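You will see two complexes here that share chain A, one where it goes with chain B and one where it goes with chain C.
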Partner chain A sequence: MGRILAADWLKIRGKGLWLLILVGPLGLTAMQALNFGLRFDYMKRRYAGDLWGGLLDNTALFVPMALFLGGTLVCSLMANIEHQTSAWKQLLALPVSRIAVFASKLMLCLLLLAVSCLLLSGFVTALGLLFGFGASAIPVYGILRIGFLSCAAVMPFIALQLWLSLAFRNQAMPVSIGVICAIVSPFTATLSEWLPINWPYLAWTGPHRLYFAGAGLALALLVLLPGAAHFARKDVN
Partner chain B sequence: METIIQTADLVKRYRGRAAVDHLNLSIGKGDIYGFLGPNGAGKTTTIRMLLGLIAPSGGQVEIFGKDLRKERLDILRRVGSLVESPSYYGHLSAVDNLEAIRRILGAPKRRIAEVLDIVSLTGEEKRPVKGFSLGMKQRLGIAAALLGSPELLILDEPTNGLDPSGIQEIRSLIMSLPREHGITVLVSSHLLSEIEQMAGTVGIIRQGRMIYQDTIARLRERSAGEMRLVVSEPEAALEEAFRRGYDGMLRTDELRFSGMDDARVALLVKALVERGHAIYRVEEQRQSLEELFLQVVEGEGR
Partner chain C sequence: MKMFLRILSAERLKLSGSYIWLLVLASPAAAVLIGLYASSPAGGKPDWTILLSVMSTLHALLFLPVLSGLYTAMLCRHEHLDGGWKALLALPVSRTAVYLAKFTMAAVLLAATQALFIAAVIGTGLIRGIGTPVPWGLFLGTCAASWTACLPLAALQLAVSQAWSSFAAPLALNVSFTLPNVLIANSATYGPYYPWVQPMLAMIPHGQADYGAFNLPLESLLIVVLGSFALFLAAGLLSFRRKAV
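== the complex of A and B ==
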């Protein structure tokens, strides 16, 4: 597994994946820089009791959307490296189990998303400090979970995207699904909390946020099983 | 001779239509096996099944005496392959392409320089592969197949789309492999002329069925042609031949004899010379292998 991951690590070089990983959190932070920067006095008054909390809450509104879009693109770009010249037939004729190949792609995808979440935490912290919210008041746990908990809750979606992206050469379907989810997600918040599309946001707010993150991970495993089984059995043409 | 690849009644059906139909393939160690057939005959499908890329609908594949279904990874560790169009990562250089595969194989690092040298890509290894010509990509594919020092090399149409000098280069490379490294090679093509100069054994497949499998020498024998003699007095010469029990005929003032071995040719010529005939030409007129191939492909298996 480690050897395949090392190979995959090499292959994503120069494909724009790292750029995407950087641009996602940078964009989210830039939005808040504008949001706060343009009406700084108003925002400062509004969140007077908890400046950091206000910044995080405002950021968190857009994290699910970014995760849907980013996850889709990461999966699709990664799969495309193999699809482009039908490199699957070369890769899968090597002495590696298909499950290991699938697992390696999953690991790489999670790794990239984790880096992105970490960058988001870093950028938001930097922005807060820049605004002078005070280093002593930094809510470390809140800053870490802004990306990571939502990321855990978005896992079923990532598992589905990975499956579709790896299984089908035509990336139109997975990318469409991803974009639709990203666009629709802000408007489904009023619907049932049983809908997985709401989980990334629910994993940030409310008393049961850990449940939603946990439910995300559990459902992701359920989606991964058929995905991996299909990948292991499918004919490579 | 030890058998490297053995398939038993291999079948692959796509929606009820058999792309490969009860195929029995047998390849001996150290051989270069030419796998021939027109486009769409099932060559690539068979090769994909040999590599475990697609699952057979029926039958068995044994490679190195092991069942492919049970010991796929053990088998693939000893196999190098190039299937159809070359697969490569265009954004990476040749070295990085090989490195990505090397990391999976766990082969030593120096092996990259070795295989680049074997396919004569040394000097181009730092350029992104997307700028390579088709021939160079094809050679990179062969380098990738050789990276794990395989005992069996499976090459699907390795000369497809190459220019004559490229074909020649790859051909001599393939021919050197069994000699120098003891590698068994399975190479497919839709052109007999490409295969006949390097293969020891050929298998001809048509509509998924194996319709001919034997050594190339046997195939040549089947194409043994007529002996053609041009002499000063054809009619008298033919009579002389008849008297000696040769079965010939006269066509456009030339004598034609079929099924002659060397000794009988020599005896006839000697007899004619002794009788005072002037012999201008003794030629063998062969049916070309390509003609025979077409005849086998079209005529049999129906």
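== the complex of A and C ==
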């Protein structure tokens, strides 16, 4: 398992994945830098009581979208390494179990997303300090929560995307689904909170955010089972 | 010219069975859902202009820029698989014709999306019981303008899609430029110069909104759109002509 993960780690070099992981949080922070920077006085008055909270709330509006999108792209780019060169045959002909291959792709995907969330926390903190919101008032829990709780709630979607990306050689389908989910997600917020597409945002706001993050993890396990089972049994050509 | 038309019909054949029509349907379908629940600012039933602005929010702000990327990525997918570029360009075709045929297909697909969107708006209006006359001039004008505003984006995405063999990578670029639309559309300073937000600015009926960058004269829109179109298409064409396959 460790060696498969190490192999996957090597394979994602130079594929633009690390760049994506860096650019996502950087872009989100840059948007907020513009959002606050262009109308600093107005925003400062509006969030006078809780400057850090205002910054985090504004950032959190875009985090679910970015997670949907980033998850889709990470899964697709990672699966594409083997699809592109028809390397599944060679990889699976080696004496490794298919479940281990699947698990290593999943682990790597989660690792990349976690790095991305950590970077987001770091960048947002830096932005707040740059704006002079004060180091003593840093809401450490809130800053960690902004990426990681939403990330937990987006897990069912990641599991689904990993399944689809690995299952189809034609990446158009999974990527289209992912991109459409990402751009529709802000518009479904008014619908029922039972819809998993709303969970990443609900995991940031509202009184039951831990429930939504937990529900995300639980549903992700449910989606992973058929995904892994399908990967373990599918024909390779 | 004959060669161009034959490449074009080949492009059309290559798209069959790719389920691309599902994508063409996606945005009008989402717009219908939004339109069915729309109401006028005062409450109560919207009129045609308000219905158009409400339904075009998601469509023009996010779907159109993203779709221009998705369509072009799909048009290049066949060639990136199994050495398709080699097989295609070994034929007695000129590279310029191939590139322009692909771009034309993307433009046609976007036009089909726009046509379906008009149909969706009118259908929703009729279901909601908004009376006739239907303002055809307004619908056709705004949809044609925002279609024009999509062409530079499609040109850029085609340039990127032919260069990168992965399906997801061009889209990463496309969507990361599209998401800031949400903020930039509200900025009167930067909105007019950001190509990705132009479909939205072109779609909003003029003189309706009095904030942000929504009240631009059509001329300034055209300068940004045509300028970026010429730049992106020329860059893509040049790089495609010199590309090693």
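Criterion: the second predicted complex is superposed on the first by the 237 of 237 C-alpha atoms of A that agree within 3 Å, B and C clash if a C-alpha of one lies under 4 Å from a C-alpha of the other, contacts with A are read in each partner's own complex, and residues count from 1 in each chain.
FYI, a residue touches a chain if its C-beta (ideal position, glycine included) is under 8 Å from a C-beta of that chain, and two chains touch if they have at least 3 such contacts.
Predicted, not measured: the structure shown is a model, and the values here were computed from it.
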Next on the checklist: Per the contact definition in the header, classify A:L10: touching chain B only (first), chain C only (second), both, or neither.
Outcome noted: first
Next on the checklist: Quick check for you: in the superposed arrangement, does A:Q84 touch first (chain B), second (chain C), both or neither?
Outcome noted: both
Checklist entry - Looking at the overlay, what does A:A93 touch: chain B (first), chain C (second), both, or neither? => result first
Checklist entry - Thinking of the overlay built on chain A, is A:M31 touched by chain B (first), by chain C (second), by both, or by neither? => result second
Checklist entry - Touch check for A:D235: first (chain B), second (chain C), both, or neither? => result first
Checklist outcome for this item: Both partners, chain B and chain C, contact chain A at residues 15, 84
Checklist entry - For chain B, which residues count as touching chain A in their complex? => result 48, 51-55, 73-74, 76-77, 79, 81-92, 96, 99-101, 103-106, 141, 144, 148
Item to check | Interface residues, chain C side, partner chain A - complex | outcome: 18-19, 23, 26, 30, 34, 58, 62-63, 66, 70, 73-74, 77, 165-169, 171-172, 175-176, 178-180, 182-183, 187, 189
Item to check | chain A - residues contacting chain B, complex | outcome: 3-4, 6-7, 10-11, 13-15, 81, 84-97, 233, 235-237
Item to check | Residues of chain A defined as touching chain C within the complex | outcome: 15-16, 20, 23-24, 27, 31, 34-35, 38, 62, 65-66, 69, 72-73, 76-77, 80, 84, 170-173, 175-176, 179-180, 182-184, 186-187
